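Across the two complexes that follow, subunit A remains constant while its partner is subunit B and subsequently subunit C.
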Partner chain A sequence: MSALTQTARPSLLRRWGGLALWLLLLLLLAIYPYTGVTGSTLFTATQVFVLVTLASNWNLIGGMTGYVDFGHAVFFGLGAYSMGILVTRVPLAFSPELSFWQALPLAGLVAALFALIIGLPTLRLKGPYFSIAMLGTFVAMREIIRILRPITGGGTGLDLPPVLNRVNEYYFMLGLMGLVVALIWWIRRSEFGYTLIAIREDEIGAEMRGINTTVHKIIAFMIAAFFTGIVGAFWAWQNTYIDPDVVFIEQRTVEMVMMSMLGGLGTVWGPPLGAVVIYFLQDVVWGNLLNFHLMALGILLILLVLFLPEGILGSLGDPSSTSLGRLLRRAGRGRE
Partner chain B sequence: MNSQQPLLEGRDVYKFFGGLAAVNGVDFAVYPGEIVGLIGPNGSGKTTLFDCLTRLQSIDRGQIFFKGQEITHARPYQVARMGLARTFQVIRVYRKMTVLENMLISRQWRGEGLLDMLRPSHPDTERRARELIRFLQIEHLTDELAGHLSGGQRRLLEIGMALMPDPDILLLDEATSGINPTLIEIIKDRIRTLNREQGKTFLLIEHNINFIADLCSRVYVLNFGEKLAEGAPEEIMENEAVIEAYFGA
Partner chain C sequence: MDQFLQALASGLLLGGFYAVMVLGFSIIWGVMGVINLAHGEFLMIGAYAAWALFRAFGLDPFASLVIILPVMFVVGYALQTILLNRVVERPHLMALLVTFGVSISLANLYKVLYSADPRSVPVSYNGSFELFGVTMPIVKTIIFFLALLIMGLLHLFLHHTRLGKSIRAAAQNKDAARIVGIEIHKVYAITAGICIALTAGAGAMLSPTQAIFPFMGPPFTLKAFTITALGGLGRIPGALLGGLLLGVTELMVATYVPGIGTNLGVAVSFVLLVIILIVRPQGLLGGLRPMEVE
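Moving on to the complex of A and B:
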């Protein structure tokens, strides 16, 4: 039973327990910097928060709505470059030298606006065609940024004002991550969330039953783009330097997809779980297989698709219909 | 001749797939409160006509009217919101949602904004969903995932989903296909009740001639995309052209 079924009430714990645990975790994480940890540890934690936020955003369009976006990092890049252009002291055709807080919402809006413009044609495409169209958009945007040198600094990149404050960065991303995951939790339980799932399950059936699928898809796309753009903007600020080849990297989208898949597509807590697991797996792989880490990640992705397509949390939901569940049942029958 | 305005009307409807005329100049009308049958051999264009009426397919020529308004170029969701609901030849339910959730998501849409939709479902919506679930005798399956239901149970759910927005007309595409006789009688009884007590209008595609004969006041027969015959069930069953179309010369 879900919050959609308001009058058939499950227990209070079941309805609000997940959010309560999330808020408790946020509280503990808020106290964490006061436990004597180093700046380096805070930086690591901040990177995990970035991954959780990116995965949760991608999950809204890729997991819940079923539109697998292979170019979602374009919104990260647009956010990063919006922040860069708006705050840089480098003389460009347009450099208003705004503050971080002035530039931040604008960066998100730029990403959301681009999602609206590109979403109108691309969200008409189905399945792999949408995925490829977004990948193409990502690649094209990288080159456009490179070409528009008077505005973006081109291939030589842009320097942002150097501000090093690990604690502030930690709390900013903690707050953003907390907000985004809580928003996804709420959406998942609302009529809007169930509409997105209906679109994922059967878009034609949804349209035939009165759902304006175009509007719903566009809204989900814009929400996901907005917060991804915000993360990109933060990343640019933290990094203090951006160029097209540093910002627009395909691996960023691959990571979002893998984190969501590993944790559980369409679930609320799956992508955050997947993000944490992926981060520490990458750390282990980097530390022990430096020359082969991309290959190792590729193998992991293949194994994931083959044996755990529903992800960790997705597999726990309905063992009779998941690959892992079926595998374990077969193994159990073999031992009898 | 019925002096009322038709509830659903198609005028000179054509639908081509390449060189093939799937619907070839069909005129028809369904009046309020009727139960009308649409029969014909396999490949005669029945489902294609349904798809055109509900705007799942666009037509190549002709016009379609619903409640007096032309819907020839409307989007499917717009037609659904006007009060036209359908089921499908191949059952379409949301398999990873429960029966109740399937019903709730099929509710009547009133053009709410995003803020309205970020709330859980209204209590009246859930009340109606539960009433319909009871009406269709699938109450024991309320919390089951739709993907776990049998074919017949999914048929009943799909009918429930079509009823949920309180439509003016229901287009049922082979609602008795592949289900047992007991369930067929339940469906027949529910259609009669809805028609008699709520004035619901039905257009039924069926291969089950007895089902059509028991329920329908009028029947259209299609063959090779064209209207072959129209009339009361007993007239249709004695029509030589119809007999030839089904059984050959």
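Moving on to the complex of A and C:
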């Protein structure tokens, strides 16, 4: 953990270098569609942006604050359903294109509000109650959506009018991803971010210093829920069809946990890195395993916890902090 | 009135099953502080084992406990030795992540092995009898009394055997238990073995009463958590009380709240859990504090 909590004032390059590189990458990605790529390539890129955004959001509560959320996909689902219900059941706007932009922030707000309602009872408590309550929230919400047939369409789901095209989708997700990662970058350097890390490292100690830990935890949770809800709303629109079984899938939460874990919990660049690595692993390697790939994901999670708990970035900073790092170093020494 | 009595009786029968189902979860949590998110998956494994034995040899699911319990004890022992003992003394986040990984892998392994199609174990005595005007399904009545028997035996084991006492000692004070010469990790492994065997056994008992499929686990994990919050960590009487309370609540909601089917146990548990966490965060009987196994 020492790499994450250093207090020495870093140099200008270390302070701003990350953000500068990020903006440069965003700029390159922004001109990418003009290089004559096909729609399906843009679609793939959009999927990666979705994963990066989701993983970065999960990392805010699960990685930085240390409250592992095993049901974060519930906010994705709430966002998707808010969008679906607002667009199909409420005559919100005159044109479908306009209603997308009107429903989007509402979907995020619904998710954030729900995070507040769930967070108030569960984040007051220290320890694992939050994790299991979120698992419950996820399982229960899928059932509730299925029962509320008059509003949600139950198991038959909802159809949304197709409006977006691949290029629009690409730029929307690029912008959202850029915003979310920059926000996490800023939070990580702000007093708020240091407070979150303090809660993770020593919650009672933080409380004794006069920090209202509950408020900080709930705010972090609400931010993470807000943007996850927006991604869900976007996804509903992109997919043009939602039902409980395509929206509320465990895999989404598992992926968020895995990507943050692989890249490095609580780091800014870890979850994006983890998201890209896992996406291509799934696409290239596990595509051939098909049925086994979720199983492989679970096994990889266990191996990560046992041998690489600090993730790729955390281990680069301090190899001796992980079993794998120590093993590699011992192996290296053996060769000398 | 008849409707009320029927709901009460069905709820109590269900509650008996819940009580035996939760023991494995509650004791692992109480003794080593690990929340086993793969709890429901071990129940699912037990149910599949009963189904496989029934289909291959026509073995009765209750008789198959003789095979399932010892085999799953070994599985639990191995799980603890290979995986959980490595994370048990690290921050609880690690154990949560590991058991989450186990849960995902097992559910998907079984999906590959047995497909996602629901399976059933049609036993010949799948009928019911009348008692004071209340319909009592035979299988569920057997489960109820078997659950009481198992809880009684477990209580005797924990209180009157050397091994049982060392498990309770490890739960009460790990370091003191070490000092008096108890091998903590071995005791943990035996505890996990017993708990996983109990959980899989509960799954086998459940097999004649409901569809068996790879993703049946998570609702049981959630219910186990709710019951533990109701009844307390590692307490057998608490598990019984919490189980009965949840069973009766579920059936009452199913009977009296219109438009909600019987398959809504998950939502009921969830609402109940949130209410408990709001009103009494320390658990209904003060049981979520770390404490001794009774």
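What we mean here is this: the second predicted complex is superposed on the first by the 306 of 336 C-alpha atoms of A that agree within 3 Å, B and C clash if a C-alpha of one lies under 4 Å from a C-alpha of the other, contacts with A are read in each partner's own complex, and residues count from 1 in each chain.
Rule of thumb we're sticking to: contacts are C-beta pairs under 8 Å (C-beta built on N, C-alpha and C of every residue); 3 or more make two chains touch, one makes a residue touch a chain.
Every value quoted in this text rests on a predicted model; they were computed, and no experiment measured them.
Visitor: Should A:Thr156 be classified as contacting the first partner (subunit B), the second (subunit C), both, or neither?
Guide: The answer is neither, since A:Thr156 touches no partner chain.
Visitor: After superposition on the shared chain, which partner residues are touched by A:Asn165: those of subunit B (first), subunit C (second), both, or neither?
Guide: neither
Visitor: Of the two partner chains, subunit B (first) and subunit C (second), which one does A:Ile147 touch, if any: first, second, both, or neither?
Guide: Touch status of A:Ile147: second partner only.
Visitor: Give one of first, second, both or neither to describe whether A:Ser99 is in contact with subunit B, with subunit C, with both, or with none.
Guide: Touch partners of A:Ser99: none, neither subunit B nor subunit C.
Visitor: Looking at A:Arg189, would you say it contacts subunit B, subunit C, both, or neither? Reply first, second, both or neither.
Guide: Touch partner of A:Arg189: subunit B, not subunit C.
Visitor: Just subunit B (first), just subunit C (second), both, or neither: which does A:Asn239 touch?
Guide: Neither partner.
Visitor: State whether A:Asn212 touches subunit B only (first), subunit C only (second), both chains, or neither.
Guide: Touch partner of A:Asn212: subunit B, not subunit C.
Visitor: Note which residues of subunit A are touching subunit B in the complex, please.
Guide: Listed in rising order, the residues are 1-8, 186-187, 189-192, 194-195, 197-198, 201-202, 204-213, 219, 318, 321.
Visitor: For the complex, give me every residue of subunit A touching subunit C.
Guide: 66, 68, 70, 118, 120-122, 124-125, 127-129, 131-133, 135-137, 139-140, 143-144, 147, 250, 254, 257, 261, 291-292, 294-295, 297-302, 305-306, 309
Visitor: Looking at the complex, which residues from subunit B come into contact with subunit A?
Guide: The touching residues are 54, 56, 75-77, 80-81, 85-86, 88, 92-98, 100-101, 104-106, 108-109, 114, 116-123, 126-127, 143, 145, 147, 161, 165.
Visitor: So in the complex, the part of subunit C that touches subunit A is made up of which residues?
Guide: 35, 37, 83, 86-87, 91-94, 96-98, 100-106, 108-109, 111-112, 218-219, 221-222, 225-226, 259-260, 263-264, 266-267, 269-271, 273-274, 277-278, 281, 288
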